[in-house]
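Two complexes come next, and they have one chain in common, subunit A, joined by subunit B in the first and subunit C in the second.
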Partner chain A sequence: MNAGARPARAIGAIGRMRPRARRRESGLLIVVALVLVAGSISLGATQRELAGQKVSLLPADVGQLSIYLAALLLAHLALILAGRRSDQVLLPTIGLLGGISLLLMERLPQALVTQSLVGRTFGLASIQLGWLLLALGVVTVSAIAVRSDAWLRRYKYTWAAAGIGLLLLTFLFGNEVNGALLTIQIGPFSGQPTELIKVILVIFLAGYLSEFRPLLVDASMRLGPLRLPPLPYLLPMLAMWAIALGIVVVQRDLGAALLFFAVFLALVYIATARTSYVVIGLLLFVAGSVLAYHLFGTVRDRVDIWINPFVDASGKGYQVVQSLYAFARGGIIGTGLGAGLPLVAGHLPIPAIHTDFPLAALGEELGLIGVVAILGLYLVVIERGLRVAISAADEFRSLLAAGLTLVVGVQAFIIAAGNLKLIPLTGVTLPFISYGGSSLLANGVVIGLLLALSDRGVEPPPAPRPDSRRRARFLGAARGSAR
Partner chain B sequence: MNHRERAPIGRGIARVGLILSLLFGLIAVGAGYWQVVRASELSRAADNPLVIATARDVVRGRILDRSGAILATSRNDRNGEPYRVYADRSLAPLIGYASPVYGTAGLERAYNAELAGLGSGNSLDDLLYKLAPRRRQGDQLTLSLSLKLQEAAVKALGTDRGAVVMLDPRTGQVLAMASTPVFDAGAIANPLTAQAAFTRTSAAAGQPFLNRATMGLYVPGSVFKIVTSIAALGSGAISPATTYPQQPAAEQTGLLVSGFRVRDGHHDFTGSQALNYDQALAVSCNIYFALTGLRTGGAALADWAARTGFGGAIPFDLPTASSQVTNGGGSFGGGFSDAVELANAAYGQAETLVTPLQMGLVAASVANGGVLMKPELVTAINGPSRTETVAPQVWRTVMSPGVADTIGQAMQLAVESDWGQIFTTGAAIPGIPTAGKTGTAQLGGSAEPNSWFIGYAPADHPTVAIAVIVEGGGHGSARAAPIAGALMGLWLKTLNR
Partner chain C sequence: MDPYVVAIWIVRIAFLGGLYLFMFGVTRLLLRDLRSAARDPGGALARLVVVGSDVSEPPRGTAFGLDAVATIGRDVNNSIVVEDEFASAEHAVLTFRGRAWYVEDLGSTNGTFVNGAAIDRLCVIAYGDELQVGRVRFRFERVRR
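== the complex of A and B ==
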């Protein structure tokens, strides 16, 4: 153990910062800015032609785009000034995704969401721009300020309690959105707690799995062909399964349940490298799914729609069928930003286009090429995040980085695959693109933490807590003495 | 730091990353499937907003009959907005309507994309359209239908509910497809009267919107004996010379099948004579066909019926209901539940349900020497987005020419022999050899039976096949047979000369 006994600090000293150039990030951000300006010019030309105005090469909304690009530049400058040796690809990647989101929201009817604040009424794109700026702020602040992870790893049960508490709050005070308890209202603000809970879940799991990893890997009891850990260590898995099922039952939020359980299983596999856990987990998943299918109408509806949405194309299958129509209209090259989504009697064909189906809108207007490019951007986030995880200094950081990455990657998969009828549709947001503050801020925390974890110059992990060593010896695990 | 311990974590992370990458690849494949493979089909669906939006400012293509008579065209209202007008009410259940308020129905719905000029089906065209949008012009449809024959068919059905299907057995082309009651499609298409007309038609008795010819399911009664004949003769279960010694006696006492008596007795004059196949079809002997059904077996009956189109949607320009020989699920063979059901189904009662189009195809397959042509209504599409002529297509070979010939001769005797005429009065066309079979479908209770006729003419070289049903029309010879004789005569002697 080479851990020095340096005091753990949550917030680093600002006075010690030494600026460091980030050439790769600068270059990539220039590319991002060019792409977004080009997209905005294309959108502006289409919008003016449709409105019967003179076509010019002016961007759609110069003000909003300038503000967004300026915010990206500020975030970049802040990272340069902070001088940390953190990843240089993540910020441009999510910057591009966020910019695409801004263009999409500018293109949709502004009246989809309105909010009155200080005597002014803001529309969809203005509100989304506000959340994007806040999210970039969260990314930057956590990327610069988080220098120690002790506050994350020490208090894992506190985090777990906070997560469960938030979950219970949603159970008790949740507002219903499309038949699911999704949001809680605090004053004028409403938020989706599950977005925050997913981050807390990863923090807890990283702490729990890194501490009990030796036990989970070595100790075993046999059950037929499966090598299982002793019962006490199976309990978290069962608890996790029960929580996921609880989310389905009480909240009827299938997307969050699927996301939590998938991330949990992936982290258990990463921590233990034992396929038997994955097998048990998948069996539990199948059992839970069958149970939910037979017990709950919502689940049955989703599955039936998934099997054939065209049976009830104007009723239950409406949104999925309209989503597929949108993809089909786009074809390979797309209609161009602003030229798709024909209105039916003045309404958009897909009501939840800005939250649950942004990929369908982008699929229509940017075509298959655009969809593949966006999928590519998510793969870049995943690759960078997992790279951080693999080269992290210890298991906690590895698991934390991997979990944070998976949260973004798996969530993007769940909603993209749902839009394309590859899996039953479950309402989660498309990270960085969907409209909504909770999602943007939570994913901002994820990227900010990943940036912080990617800094090789950061202080080494703290020493393991003595009481966990004692517990390990007590349980007779051989590894305990090696630490 | 212990590196032996850390290695598996890295490997696990790499593996999870690989799986996630594969899953994202799967999404890309899924996007390619919907955006490339299925794109042109989905982009032409009637309820696709693009189709609805385009249909609004396009002048829909015209619909013509076989001789070029205009069946549907568009006119401009005072504001210059186009709306649809139709030649005759007799077309309404078939052609449907295109309304700015109520969308589309019938052929207007099935060919909405073509009529609205979206039907290129050519991705290069679509690509060019995307790059340089121009105003769409609807395609023109030419039908095999004869407007005059269609009008005559609806007139013949009169105030009764029913359907007539007439087609050319050599090509499968539909000559007339009538369904009554009809409605005023033009009033639904006209924006000024749309709402009142739609409300009135929806509430009207007899479901005028229903195209009975393709979607109406009826108990067939004795016309189903032609299907039983195809199965029995086709599978070799019987020959034309087959007689059943127990049949004459059963006419009096009923035929005992598993404790249940199948009764007949509507042809007392055959006395103690055991009938052969020709005679049995001429007098429509239920006992003979019940015994034949039992000898053929449920599985063979269901199989041969399926060859003529039973048990599935018929490939056609309009949606079709699927006809059935039985509810299915029974263990007796072919889905029949027991011998009683099979015996009753063999002469067209039990759980057997058919569409008029299906029975028209049965007649056409016999008329065309056992070869069933794919039924078609639209023979040509002409327009800016595509020009296409639909050639006649063989759908299936149902039976051998020999079997078709045997059944055809018996059907001719059923119309023209002394015995047969008693049951098919009015079907014979003076001067033209005619083949056919009536049906009197009992509905149970005291309801008047449905009156059926299927047949074709001229019997020696058939050019028209027909199926007629008149709901509650009584015996087959009371309503359906005379209508069929008159319509086939009109077609052969006057319209198609």
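== the complex of A and C ==
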């Protein structure tokens, strides 16, 4: 169990690889394959029936499904060959979510998104399949190649600078999507930097909090019933709040701001176990929200729509109202894949269905039962991630695993709750299901890192750096002289 | 009723059922995992692993499970006995106080070091930190469940 002083191994030590069976993962992947085949048959049969074609029980798109299943199998085999003792539930779970995404994209009109590449035009499902394969590749490579985390923990301020740089790039060169500055265009591809920034944010916070945790825990300032840490250590919280507010003001991207601030607060709480930080953070959040509501039209619109979307059901509240209708039409067992979402005047009732409202589509076609199962899959990801966090060797890895898990979990919650009118709608993607390359790749990095962190045979964390010396002495001296 | 429609509905239900079959399989694994963690013997809250030692006792690689209060020193009544003439009889004590672990130097002659720095009485210690008593270096670790 004790990894002790095993020497650092080079990444490419293929000669010394010892394959290790992953029976649980194999078993779960077989179930995933069966489920996806059933889903594809259900979709194909429904589509043929609606189109009045010859009846047959064949999958909707045999080619795409088999490519996807083969990629899952390859990822599984790569993990077996590398002999990692990492978590065996995460890969099948995200594999199932990705497969559901593929079925949904095959089901939606292919003309929603088209991309011309080397003289051929690809539709929605083909592009999504390409991104899914890339994401699975990212998961596998980072799960196998990441053996040491020194490059993550050493350069935390570099990571922070990179994150802020990306944010500024979006501020300056971002393209507007639905009134929010979201994407950056590079050649034929456009990406959402916020998806990458969320991973960078977690890396920075894990490094920062694990280093300054002793000081943050040691609250010494009193403010009424609250015990606060010394003022300098409160500044990051204010800075984070300012950045989140900045995103709202400049980018009009409420989802990202909410996600960043929620993950930040949760991580601070995990690191310090102090409710006072959460209370301060929530107070700041409420203050910021009220401010934003009174100052910005977009925020006010979102909140008004949330309170009563039927006031302007064919205008501003249109998407939310249609989403609610979709859930209602789905009922308990749904209409079946491919049988829902009637076209309104030749268009889908919800324009952003493939990015912001996939849960509404699934809610209509799979019903309450299906939506509960999908939310359950996110809970499984969260459970596994927090489990990795709880058994991590040191503070940094623990916070990193918890933060990565929360990024996925909180994001899924924000958009699912937005679709269901539980909270105001904010445009973030549903991890692993929404259409979109940046989202899939960023979440692939998250799962890959979680798999790497869960590996029981991984290198022990590097010894703490001697520069934390000063603070140990400072703290000790402060405590000592107080007596 | 059209047999084709019936067949489609059977496949639809099979798909939904399959989702729950997957959830069932995962939940069984998670429960087994949690149970085995709960069965894990020893209620140690954290552990100290010897990563460097110039003395015979404790040798390098030894792991000590820690209770909420664990004393370190040369005296045999300590939780962790360090047979080193550079260690005091009652050298240092590790305590878990609700939120964090603290290490306290009990007025030893040669001092207690956290990450290479001498501590002055009480100091917060985090998982992954290095603790030195006499000529023995420990790494303070979380218990892996």
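The working rule: the second predicted complex is superposed on the first by the 455 of 483 C-alpha atoms of A that agree within 3 Å, B and C clash if a C-alpha of one lies under 4 Å from a C-alpha of the other, contacts with A are read in each partner's own complex, and residues count from 1 in each chain.
FYI, contacts are C-beta pairs under 8 Å (C-beta built on N, C-alpha and C of every residue); 3 or more make two chains touch, one makes a residue touch a chain.
Remember, it's a predicted structure, so these values are computed and weren't measured experimentally.
If you count the residues of subunit A touched by subunit B and by subunit C, you find the higher number for C.
When the two complexes are overlaid on their common chain A, residue A:375 makes contact with subunit B while staying clear of subunit C. When both complexes are overlaid on chain A, the residue A:31 reaches subunit C alone and has no touch with subunit B. Looking at the shared chain after the overlay, A:327 reaches subunit B, while subunit C stays out of its contact range.
Once the two complexes are overlaid on the shared chain, A:203 sits clear of subunit B and of subunit C alike. In the overlay built on the shared chain, the residue A:273 is in contact with subunit B and with subunit C. By the touch criterion defined above, A:383 lies against subunit B and subunit C together after alignment on the C-alpha atoms of chain A. When the two complexes are overlaid on their common chain A, residue A:396 makes contact with subunit C while staying clear of subunit B. In the superposed model, A:349 lies in contact with subunit B only, and not with subunit C.
Applying the stated contact rule after C-alpha superposition, one finds that A:445 touches neither subunit B nor subunit C. Comparing which residues of subunit A touch subunit B with which touch subunit C, the overlap comprises 1-2, 272-273, 333, 336, 367, 383, 390, 393-395, 398, 479.
Partner subunit C is touched in their complex by these residues of subunit A: 1-2, 4-5, 24, 27-28, 31-32, 34-35, 38-39, 41-42, 45-46, 49, 55, 57, 88-89, 92-93, 96, 210, 213-214, 217-218, 272-274, 333-334, 336-337, 366-367, 369-370, 373-374, 376-377, 380, 383, 387, 390-396, 398, 460-461, 463-466, 468-470, 472-473, 475-477, 479-480, 483.
On the side of subunit C, the complex with subunit A involves touching residues 4-5, 7-9, 11-16, 18-23, 25-26, 29-30, 33, 49, 51, 61, 63, 99-100, 114-130, 139, 141-142, 144-145. Subunit B contributes residues 1-2, 5-6, 8-17, 20-21, 23-24, 26-28, 30-32, 34-36, 38-43, 45, 47-50, 52-54, 123, 126-127, 130 to its touches with subunit A in the complex.
Every residue of subunit A that touches subunit B in the complex is listed here, in rising order: 1-2, 266, 269-273, 313-314, 321-322, 324-325, 327-333, 335-336, 341-344, 349, 363, 367-368, 371-372, 375, 378-379, 382-383, 386, 389-390, 393-395, 398-399, 402, 406, 409-410, 413, 416-417, 420-422, 479, 482.
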